[in-house]
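Got a structure for you, questions after.
For clarity, chains are labelled A, B, C and D in written order, and residue numbers in each chain start from 1.
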Amino acid sequence: MVNHSRTTKDSRKYGATMDTAVQTLGEPKIDSPLDSAYFVEDSERVLHSASAEEICREVNAGREPISFVKAGPRRKIYFDPSKLKCAIVTCGGLCPGLNNVIRSVVLTLFHTYGVRNVVGIMYGLQGFIPRHGHAVMELNPSTVAQIHELGGTILSTSRGPQDPSEIVDALERMNIGLLFVLGGDGSFRAGLKIADEVANRGAKIGVVGIPKTIDNDINFLSRSFGFNTAVSMATRAIGSAHVEALGSPNGVGLVKLMGRQSGFIAAWASLAQRDANLVLIPESDFDIDGPHGLLAWLEKRLERRKHAVIVVAEGAGQKYCSEEGTDPSGNVKLGDIGWYLKDRIDDHFKEKGIEMNIKYIDPSYMIRSVPANADDAVFCGFLGQKAVHAGIAGKTSVVIGTWNDEYVLIPIRLVVQGRKQVDLKDRLWTSVLEATGQPSLKPEKEEEGRQVIN
Amino acid sequence: MVNHSRTTKDSRKYGATMDTAVQTLGEPKIDSPLDSAYFVEDSERVLHSASAEEICREVNAGREPISFVKAGPRRKIYFDPSKLKCAIVTCGGLCPGLNNVIRSVVLTLFHTYGVRNVVGIMYGLQGFIPRHGHAVMELNPSTVAQIHELGGTILSTSRGPQDPSEIVDALERMNIGLLFVLGGDGSFRAGLKIADEVANRGAKIGVVGIPKTIDNDINFLSRSFGFNTAVSMATRAIGSAHVEALGSPNGVGLVKLMGRQSGFIAAWASLAQRDANLVLIPESDFDIDGPHGLLAWLEKRLERRKHAVIVVAEGAGQKYCSEEGTDPSGNVKLGDIGWYLKDRIDDHFKEKGIEMNIKYIDPSYMIRSVPANADDAVFCGFLGQKAVHAGIAGKTSVVIGTWNDEYVLIPIRLVVQGRKQVDLKDRLWTSVLEATGQPSLKPEKEEEGRQVIN
Amino acid sequence: MVNHSRTTKDSRKYGATMDTAVQTLGEPKIDSPLDSAYFVEDSERVLHSASAEEICREVNAGREPISFVKAGPRRKIYFDPSKLKCAIVTCGGLCPGLNNVIRSVVLTLFHTYGVRNVVGIMYGLQGFIPRHGHAVMELNPSTVAQIHELGGTILSTSRGPQDPSEIVDALERMNIGLLFVLGGDGSFRAGLKIADEVANRGAKIGVVGIPKTIDNDINFLSRSFGFNTAVSMATRAIGSAHVEALGSPNGVGLVKLMGRQSGFIAAWASLAQRDANLVLIPESDFDIDGPHGLLAWLEKRLERRKHAVIVVAEGAGQKYCSEEGTDPSGNVKLGDIGWYLKDRIDDHFKEKGIEMNIKYIDPSYMIRSVPANADDAVFCGFLGQKAVHAGIAGKTSVVIGTWNDEYVLIPIRLVVQGRKQVDLKDRLWTSVLEATGQPSLKPEKEEEGRQVIN
Amino acid sequence: MVNHSRTTKDSRKYGATMDTAVQTLGEPKIDSPLDSAYFVEDSERVLHSASAEEICREVNAGREPISFVKAGPRRKIYFDPSKLKCAIVTCGGLCPGLNNVIRSVVLTLFHTYGVRNVVGIMYGLQGFIPRHGHAVMELNPSTVAQIHELGGTILSTSRGPQDPSEIVDALERMNIGLLFVLGGDGSFRAGLKIADEVANRGAKIGVVGIPKTIDNDINFLSRSFGFNTAVSMATRAIGSAHVEALGSPNGVGLVKLMGRQSGFIAAWASLAQRDANLVLIPESDFDIDGPHGLLAWLEKRLERRKHAVIVVAEGAGQKYCSEEGTDPSGNVKLGDIGWYLKDRIDDHFKEKGIEMNIKYIDPSYMIRSVPANADDAVFCGFLGQKAVHAGIAGKTSVVIGTWNDEYVLIPIRLVVQGRKQVDLKDRLWTSVLEATGQPSLKPEKEEEGRQVIN
């Protein structure tokens, strides 16, 4: 799929100073067991921008254009597969495809490189900490044979950071040489600290991340696994909302979708199932009251069309319902915009004495707990392979990403510098506006790149 | 499917006085246009009980065993198809299969009998009332060609009764001879009043009902359409809850399913997707607190197995959360047992200082807004055919039901006398207890027909 | 679901002589471990016919109406659970739900009765024969935990009979007290021979069958598991054929479905996905040539409507394409009516110089290899429970069936006496004729209970 | 999704001479009705290669790197929307997403630009030719409202070329200004001739193509719509084959998938559902006989693992089964490699006296006749929008493609110069080899970029 969710201009923020070099544990000296393989050289790099003008301008000005190191098997590897022990850990919320990635990592380690010693750390980073008392799980081709058919993760997860020093103690105690972290933003920050602690101790433990976020908002990653599956599931919720809206006088279907800080799922699902008449995302402010607010819009819409479908990302409209505090992962707690909107709409039409029938759908965990679809399954398979290729070659503090249709290696430190958001001027959001025909819900017309006729 | 949800003993309540005779508008004198067809005589009747002992005892005692009139095409019909105008109305909440039934009624009227004049009343009973200003929709084979692919109802619905007199005014004004009502309990009570008003006026308008209730709790009906599809969808929610429960330390998946007064969906879905450890239904009282209560059970379960899945029907545990008032259909308002339980569980473990991660899933409208599955599609097709056969033969105040694997005609007045509930002593519920291994959540062991070993 | 596929009159064939008594290994003397359970008495019987006239006539004439023994847990059991060893074997072709039944049998044995020793015989009856060298698989709650998510059977199957004497040798060698056979017609004939051999040896080994046939044509069984799922899958093939037929000038979609001797899948799937214009089944003869033949019909249909969908059961039209010999299970080999029809249609229109685009779809194994849907999953769960209840109480040479919405015990010898077929006069087939509007494809109109107007 | 199916090096074939300039009908002078939109300039170009080394080398050598014109709305448009009449035609085989693209084109024309006159040409290019007598269909937001829920194309299709002169006659007669062609290779060759004929006549009719090929083998297109959906469906066939293979002694599941000249579907589906042990594609030659041939491999595999799954693309192994002649679209007729392989395998094991049970699955039209999945739905929506933006701005003889995550305009003449094939050295195929562990089936090891250990 064309990655409408990449933010094409984010490199400009970092400008010429953006360093995409990848760290290594040391010089890889062992011949790869892969024969006549499709080896990749460290010098192969993928341009960050594919804009002909931009790149020509940069090169002609004598500047090296920003690019990422290409992922793939290296001719020389760092670890001796026969002696290497690896660990895999899954952190944070569930996401379709976790088991596919675990399976791919394990199968590539075993079948491609001949590594025989792989363990799964149970319950996320908690699993490293002795006082939590979680066991580890041995992983091999037989234990992972069917796991891609199951949702969730066979390793279970937990939220929240743990002491990096205790984690490295555990890694050393278990004699782990290579740690694969499947997680998001928070986990990668933890991964960075682990890698720092490893470096401080002069240990030789590689840390390779495989980015996991159902919201698809990890920096510098054109796509994260599970997102495609999540969108498929979200479209069903919107379809249901549409059926319900059509099913009663002045029917309103209201769907809350994931997206704490970004509206990618809401935007994509709205484009896939073109039934939404209003899409609300964290990136685009809106008013509920007033002549340009949501309630006024809805009243007019019902008058004209007798039904409406509204999609709201969970992080939208927090100015109306925000709560205090953070969850164990350190994420700011969100107020429940779904119920808030439902109540406001209910009250408004009751006050006005207009019959209105709102049906609220929050598919929540039903979206993220399903097995990966075919597309994500292929993607996860590649991510796992590339992660192993990177790790065994001695790359560390690195995640596997995709950019311009290539798999690339991105330093973790770049990934945790910020989050992607929907660019209100770019084709994804303008297409949503076009598809829904929705107006700006702000007093004066805002600069949202409106593309509708009048 | 074997109909585990029929209540085998309900005829005893009515005893020898239960009158299953079907009303007619008058003597059918017109030859059916069906040639060499599989005609059914009015004398063909289907036993209510298939118990050999019971029936032999009754017959030997000289009593006629209770039986229902068999549905099917009659040799003589009452209405002249070339002059007949029919109307279809859908009432109450959405239910998978509504469009299939509409389509079957229309196609049978057109193709089997040659009726050319069929209208759909929009927005339920509201559609009869001029001041609501809803148009009617013309129905013919071309307008209904693809509607079985869509969820919901192309006629839309509304809740609540309307003045029977106004409705019969409308029927007479539109010159309707035969009205098909797709609805539940409430709609049938309305249907009864319409039929009474028709009789009072000496009009010749037939009223045939096709029972619709996603909860499957209509009296004397072994199964209602859409239930099978609803159970399929509900199983996915339970599957998701299980994946989530396994996905975190002391994970609890809590699923709220439909079932205002009966736990059929909850019970069946729990048997289909055998991941639930506790099923709570309106028919079976339970305590939350105390040594035998839900919280104590959950604490022990988590200690032992580290995860738990709880399924709760919306009408369960109302002693804890009931609200006041009724909705427009006259249904008692229910408190939200789902959120109530979630909060209670959250608080309990927080107080105890035990990490517990609860994920709450309310699939709600996603269950009822999908198109009918293959099984319901076949069932709906037959219901529509049988309804037309009955109506055109002059039967009135009657609904189409199924009993002992036959389609039967049941007087509306019997259907509205009460509601089916899960029999706590019967195989459905004992199988749920067996499948979940759940204990009684009451101070002293109650007489719930426990089937587990100790 | 109402069981349109039961043949209501089959008991008449056997008349007063039909003996439905169930064999036992001996008197059950042990108290069931189930406390306060929903026990069933041997005297509880389910009427074969639910026709009020028929039953009253029989009883009044002093004849006992035919009835089946009700299935369910007995107060006294024959085997001591702590000493009992059970075996499960799956025979013949794959069918959705096999793993569900295996799982239910194992869980009921373990959790309800406390049996601890259960083995699975691998590769069908071959698994009993030492020279085939197949291992057995230990079965317990942990090995069967997730198997209901998988299609096929974890025990694998094979076709064809094996020497009953060798089988009983194996049963005695392994010390099996109770054998559960999941299979069809052929397997039950084998099961009967095993039971006879057991009786000859005076051994105490129970044989309980759970009927498996995707074609749904086992005698005296209103429904067999997997059929519902198979129909769901078959409807998709018909839907595809319809899309293809609409997609080209004079498009014809031709779908071959399972059904060696009966057209139940073809008939049901055609009713679920009402896109078929012609359904051909083994029970209803048809001509290809001649003025009333298929080709003439198709030509007219294309002239009028420009597209057509034809569904053919694999056993239909064998007079045109039959082969010689039998397969290892002893089934007569069928000629491939699908390809035969495709070629004949292709040739016909080529000769006539008329553009016609036929698309042939044979979903074959994609129909039977999927996991059970929710409805079959519940059904399989009950079948497994009832089979255990029967076996442990000492019933033998018996299968679990359903009749008049109850689970019943049927002697194997009745089940293997013949096969169900679609009754051309009954509602299933007349509804198909009504839904398709198809004519008789025979020179003179045949007595097929036509229900269309003219 | 990362586009593993693009052939990264294909530009080298054309070298510096590859001309990616886009033709226009004339200078666009009308202001676009889109206000403050995300306009794209003609000067914005997307690099063909994203390789940093390659691009820097080219630029430093003073050569302009190959790039494509970016798609998107232009500030000035060529056609006056209020006077423009557009036509849409769908050609060749069905493909998931056709209706989505039609819908998107129609909605963008209506809602974004205010065009009010759009017709659909029925039955492909035949629809232009008077003697075929096909009507046209009026298209507007209401006629296309629900069509994305249906598989196939509401416009139907046909195969084969028609006289360009007759087509342009029809376009002029109907006063069409802009023609959208949804088709593959053959249709684009036709489109090119239409555009030439238009140019010869000095007419002002734009021709914009939207590439459709389920095989995903159109040149210079990293992905074609419907492919993603097709892969999802194909994975189910492979899953079924796996279940069947496991289900009998020495079970072999053989699946034939689409792919006349390229193995993209086979390769992707094998990666998504990792059950295949051997994947055969047109690009990779193989032997059936001999010590390194397929039969020898299969024998060893069955000895070791007792089951095997083989996936074969329809164009593979044609040296064994090729036929003569071409179909109406001019495609070479293929021999049926599926049945050929099945027979050869059957015979081989019969001869050897080894029990082997092969199940052959040809999902064929069930793969291509389904509605688009969510991912393809979004993609199709964008393709339709971009096609309208291009056409209304006066671009002609152009198709909409995607490259390096951007939508681009590619001259039709480039697209029809050749076909993409799986690169046996690239990551897609090496991953398949890795996933299956399959050896080369040729006498001596061939240079297939093997990535397995030894």
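Going forward, a residue touches a chain if its C-beta (ideal position, glycine included) is under 8 Å from a C-beta of that chain, and two chains touch if they have at least 3 such contacts.
None of these values were measured; they are calculated from a predicted model.
For subunit C, the chain whose average C-alpha position is most distant is A.
Between the interfaces A-D and C-D, more contacting C-beta pairs are found at A-D.
Once the centre of each chain is set as its mean CA position, subunit B and subunit D turn out to be 47 Å apart.
Distance between chain centres (mean CA atoms), subunit A to subunit D: 29 Å. With centres defined as mean CA coordinates, subunit D is found 42 Å away from subunit C.
For subunit A, the set of residues that touch two or more other chains comprises 150.
Residue ranges of subunit B in contact with subunit A, taken from their complex: 94, 123, 126, 132, 134, 150-153, 156-159, 236-237, 239-241, 243-244, 246-249, 251, 253, 359-366, 369-370. For subunit B in complex with subunit C, the residues that touch the partner chain are 1-4, 6, 33-38, 43-47, 50-53, 55-56, 59-60, 64-65, 67, 72-73, 103, 107-108, 111-114, 148, 222-223, 228, 231-232, 235, 268-269, 271-274, 373-375, 377-379, 381-382, 385, 402-407, 425-427, 430-431, 434-435, 437, 447, 449-454.
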